[in-house]
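Chain IDs A, B, C and D follow the sequence of writing; residue 1 opens each chain.
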Amino acid sequence: MKRRGRGIACMWYPIGFTVAANPSAATVKVNEDGTATLLTGTVETGQGSLTVLAQIAAEELGVATEDVHVVSADTDVTPMDTGAIASRTTYVTGNATRLAAEKAKAILFNVAAPMLGVRPDQLEARDRKIQVKRFPQRQLPISQVAHHALFVKGDPPIGSASFNPPTVAMDPETGQGLPFATYVYATQIAEVDVDDETGEVEVLRIVASHDCGTAINPMLVEGQIEGGISMGIGLALQEEILFDDKGRQINPNLTNYIMPTSLDMPEIEVDIVPSYDPTGPFGAKGVGEPTSVPTAAAILNAIHDAVGARVHSLPATAEKVLAAIKESRVQGTKQLPGTRRAIAGPAA
Amino acid sequence: MNDKLRVTEKELTQEALRDPTEALRVPVVTPPVPYPIETLVPEVRQQTPAVGQRATRPDGRLHGLGQTRYIDDLTFPGMLHAKIKRAGIASALIKRIDTSEAEAMPGVMAVLTGREIPVNSFGPSLQDQPVLCDERVFHAGDGVAAVAAVTEQIALEALEKIKVEYEPLPAVLDPLEAMKDDAPKVHPPASNIYSHKIIKKGDLEKGFAESDHIFEARFSTQMVEHVPLEPHASIGMWDSNGRLTVYSSLGRITLGRTDIARTLRLPINRVHVVATIVGGNFGGKNEITQEPVVALLAKKTGRPVKAVYSRGEEFTSSTTRHPIIMDYKTGVSRDGRILARQVKLYLDGGAYCSWSETTLGKACILSPGPYNIENVEAEAFVIYTNKTVTGAMRGFGAPQVCFAYESHMDDIAKALGIDPLEIRLRNAFSEGSISPTGQVLHSVVVRESLERAAERYGWQESQS
Amino acid sequence: MTEVKMKLNGETRSASVPPETTLLKMLRESFNLTGAKLGCDVGDCGACTVLVDGMSVNACLMLANQVDGREVLTIEGLATVEYLHPVQEAFETFASLQCGFCGPGVIMSAKALLDENPDPTIPEIRDALSGNLCRCTGYTKMIEAIQDAARILRAKEHA
Amino acid sequence: MRGFKVVEARDANHAVALLAELAPSVKVLAGGTDLLVDFKHAPHAPEVVLDITRAEDLKGVSMTDAGLRIGALATHTDIMRSPLVRESLPALVDAAHTIGAVQTRNLGTLGGNLVTCVPSMDSGPTLVALEARVTVAGPGGRRELPLTEFFVGPRKTVLKPDELLVDIIIPKKNVGKPTDFLKFGLRKGQALALVNVASSLWVDPKKTFVEPRIALGAVAPTVIRAPEAEAYLEGKKITPEAMSEAGRIAAGEARPISDFRASAQYRRDLIAVLTRRTLENACARVQDVRPGGSK
């Protein structure tokens, strides 16, 4: 019979390296037509980080996302970056990008101020324009300002900046210190069906509420969460590198290393928790790794809820789950607890 | 068929291709369709603010058209293919490597062993990993020699001709066994426990003494592979100024360049690393693997050399997720407030350090969970074993400890008859909470995430 | 050497390859069509999915010789100069791909599905993608995009 | 892959003639989903590969006087799409559907699945439960034998190097027999079977089992029948208890091994459950069906 259960798990996760310096640098160059080029040493490994960085640069410069072209991942061309690791790109490289764009913008403002007859600090950049705060009709297209800066004033609007998350080393005896600049938080709730005769677990639904600070691009945040959950499901139920007694891997292939296929994925509901971190670029923190942190815990709690069996070692394969069910029965649990709703099995 | 013959045949065919009557045979390079056709930008995205937009990815269209060029999609004139011979034995001394037969094979352009590598060690924190093992094998996936040949198949067949003589050593595979004083040392004379971390806050004994209930449990997790769909790939080539360019599937080019320069004993400005687009990382592509090998084979042959991991090598010879054995002891009050928590973590580090120190640190710091606990002690050890290297993987130990602390939390809730959501809300961090390392936390929304998830799920309604 | 003559992405093409050459190797090396990827080389991952006579196959599990006289469609032949295929367009709009390595294979599987079944249910889409492993996306946005592309294709059919 | 020669067969007879000429240093290429994988890992290449994929007479599904004939080269997709199979033996469709994924089902053939003869083959149990027979062609002509006799052991059949599997026939009397197939794998997509079970049965007017057949996969060197469980059920009243008991008996008849995928004990547990469930499902498919196949 299939028994349904639900499980909850929450977590916290830091952004960036543990104390160790993990700087990023960035350069933003505004072209004479008001478009911009961002140089970053980070690497696009699928997360969409280049899109996010373009959005951050665009926001700071007051232009559109596709006005920013990102050049990345070339040590001859791009500035130092600690890389696509530790969920740090949006926060650390994002901060560097914003600061670099701010410097380029400052040059534009210095050029624009006399053209508009105001002080630079009275200006703002919006909608591809540089305009006077509270007097948006007094404006110049950013292209005109950039062109003027480059070819009349001879002051190219280029900004370079770097960012390293502030930390305080941990005491070696007590571990006390400030190892990370910021943390994100999340909760996932899993709903599963457990076949109490075979131990098979089917994950039906996962609700994921994640904090990433400001979501620079909610669509990409959703993608990260959905993907992280698939990894979490593999960790929870299926995946394991096995060794023989001589230390050689038994299953180094995708036939016998069981990762989730499209058929193994549940319905996922993503919720982005409103949050703003004043230390991040436009309030952003990060989202990459945390997405797969609470999934296994939530699923294992749901299994426990469904059949009253606690599996203490991952992955909770069907065989382990069945063994745990049998054990919990032996331990005098006359009735399976937690079976709020027993639903019919396939054979019934 | 004889390999030499096949190579000649290929050349002959290419001659034949120049015959105009054979025009059909000319390998066709379909010119890429010049997208986008339209240059108009959708109105909605012309406007600022840019932040918060569901902006499309500039690489999205190239991906969908199959036009994204990953490393394996790049070819250069005269490029050779490299393959690495794997030890297949977990712990051994290398007595002898005989490459003569492989070198004599038609189509084989160069063979490389560890002794030819200028500085044969690398690693992001400890430089304990050889590029190719020269004296000793530390795990079965270690490389012991490499071949560059005109085709991948010839390179593979040449690996079979390389004879390596081993003197087997006892292998230590279990981290708890490896911790014992009399266990064989993976990297003698160094201790198998190669990093340790401790966090102490409050008074643990006092906390347990004040607790109404004490719960104890051991949890453990498995070794997991990242499985990026793109296997590790790299291409090395030199120019006549002695400058090296490496195309590689690396998520962290700065460190990659440092390690390549270090192992090849080159000034850093003579090394150029390009990562194009990486086909999946998840932490598994944050350090070099075969880059120095392709570089040295390229140097030996004077030709560009490409190497791509097989799917098998992805498992045996790249990094993996740390299995962790986790002991939790938690003291709680009758109403479910956590008063004291003691955690001990034993991380299986595999054969080399890789990102173990980072993983150890994060796992240890995060292990008490996102909860206000006055009295905490968390201690973590990472231990060498003669197994596949464990390194960075999405979450650096956090998924493992989360599984433990959240399973533990539910068991406590159940024993006390408190709803799992409620017990978390009673303990969860809030703005200004103090972390186990004494850090005052800001922009804390763990409660909000709990409440929103429960609301979205219908937690209250689903309770009967 | 084996002579292979086929209709490749709508055009007659031929190649001369050693007999043990797989379809994937021929596409990538003889024709420089690198859209189909080598992810596992044994038919587990689906990154090399192409269509042969309209049926999706793992190009790593066919000999080049087997497509002699047949029609092969790769990701490079899916879009025309004027239009992206609706699946490609939807994948772009929904950010269905992240690292993108599995993408060409997934899109070819989706194309084969929609050719056969213009109005697939979510379970049918999941079933059609089960031969394409993806590690980045959890498949969720792919499924949404395929549903969207199906709607667009059906509307086109009606128009 | 290591180098080899490829020879193409036009049809079955041509293939047999070529086999006679080339045996034993020849391998037959049908769907290739197993064979090419083997080649990629094998320490030696075959000398010659006989490509039979263009032999049209080895394909197709049809009804003959003997029963339902499935050509050895029919792909799993062909079987799933065959109206004949869908109507008369949906369990065969279910079994084909559990094999690999779309891409491998489009390539992989029923004959190939049987000839490769891994113990966990998903097409085996249903065919065995339906008492399928196979036709083998060789230099001496064609012979027919029960499928159970075709299997010899893991990756071993009675086929001699110069012989070819031509077709699979489900005897007329069993076409339409209520049958059910269940597979238990480690995941839902692209799974290898830990255990797979098929049961077929008729029900007489007194609601008792008639000719119950139970076939078990992945729990012995080849697909096996569970004769004791079948004998236990024959003539028994259809009750949940009888079906559970049959499952227990079948579990005792299996000879599963422990390997990295699962323990022998767990596989036995699964057999008991899956046997009972296939019996239940097969019973649910019975609607006034009488022995002899007429509805």
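What we mean here is this: contacts are C-beta pairs under 8 Å (C-beta built on N, C-alpha and C of every residue); 3 or more make two chains touch, one makes a residue touch a chain.
Note that this is a predicted model, so its numbers are computed, not measured.
The most central chain, judged by C-alpha centres against the centre of all protein C-alpha atoms, is B. When every pair of chains is scored by its C-beta contact pairs, the maximum goes to A-B.
The distance from the centre of subunit B to the centre of subunit D, each centre being the mean of the chain's C-alpha atoms, comes to 41 Å. Centre-to-centre spacing of subunit B and subunit C amounts to 29 Å, using the average Cα coordinate of each chain. Centre-to-centre spacing of subunit A and subunit B amounts to 18 Å, using the average Cα coordinate of each chain. Touching of two or more other chains is recorded for residues 1-5, 101, 188-190 of subunit D. The multi-chain contact residues of subunit B, meaning those touching 2 or more other chains, are 1, 6, 54, 56-57, 59, 227, 277-282, 311. Multi-chain contact residues of subunit C (touching two or more other chains) are listed as 18, 40-42, 44-45, 95, 98-100, 126-127, 130-136.
Those residues of subunit A whose C-beta lies close enough to touch subunit D in the complex are 197-198, 200, 202, 238, 242, 250-251, 255-256, 258, 260-264, 317-319, 322-323, 345-348. Contact residues of subunit D toward subunit A in the complex are 101, 184, 186-192, 260-263, 266, 269-270, 273, 276-277, 280-281. Contacts from subunit C toward subunit B in the complex involve residues 1, 5, 8-9, 11-16, 18, 28, 30-42, 44-45, 47, 74-82, 84, 87-89, 91-93, 95, 97-104, 107, 133-136. Residues 1-6, 8, 29, 32-33, 36-37, 39-40, 45, 49, 51, 53, 77, 100-104, 106-107, 188-190 of subunit D are the ones that touch subunit C when the two sit in their complex. Touching subunit B in their complex are the following residues of subunit D: 1-5, 43.
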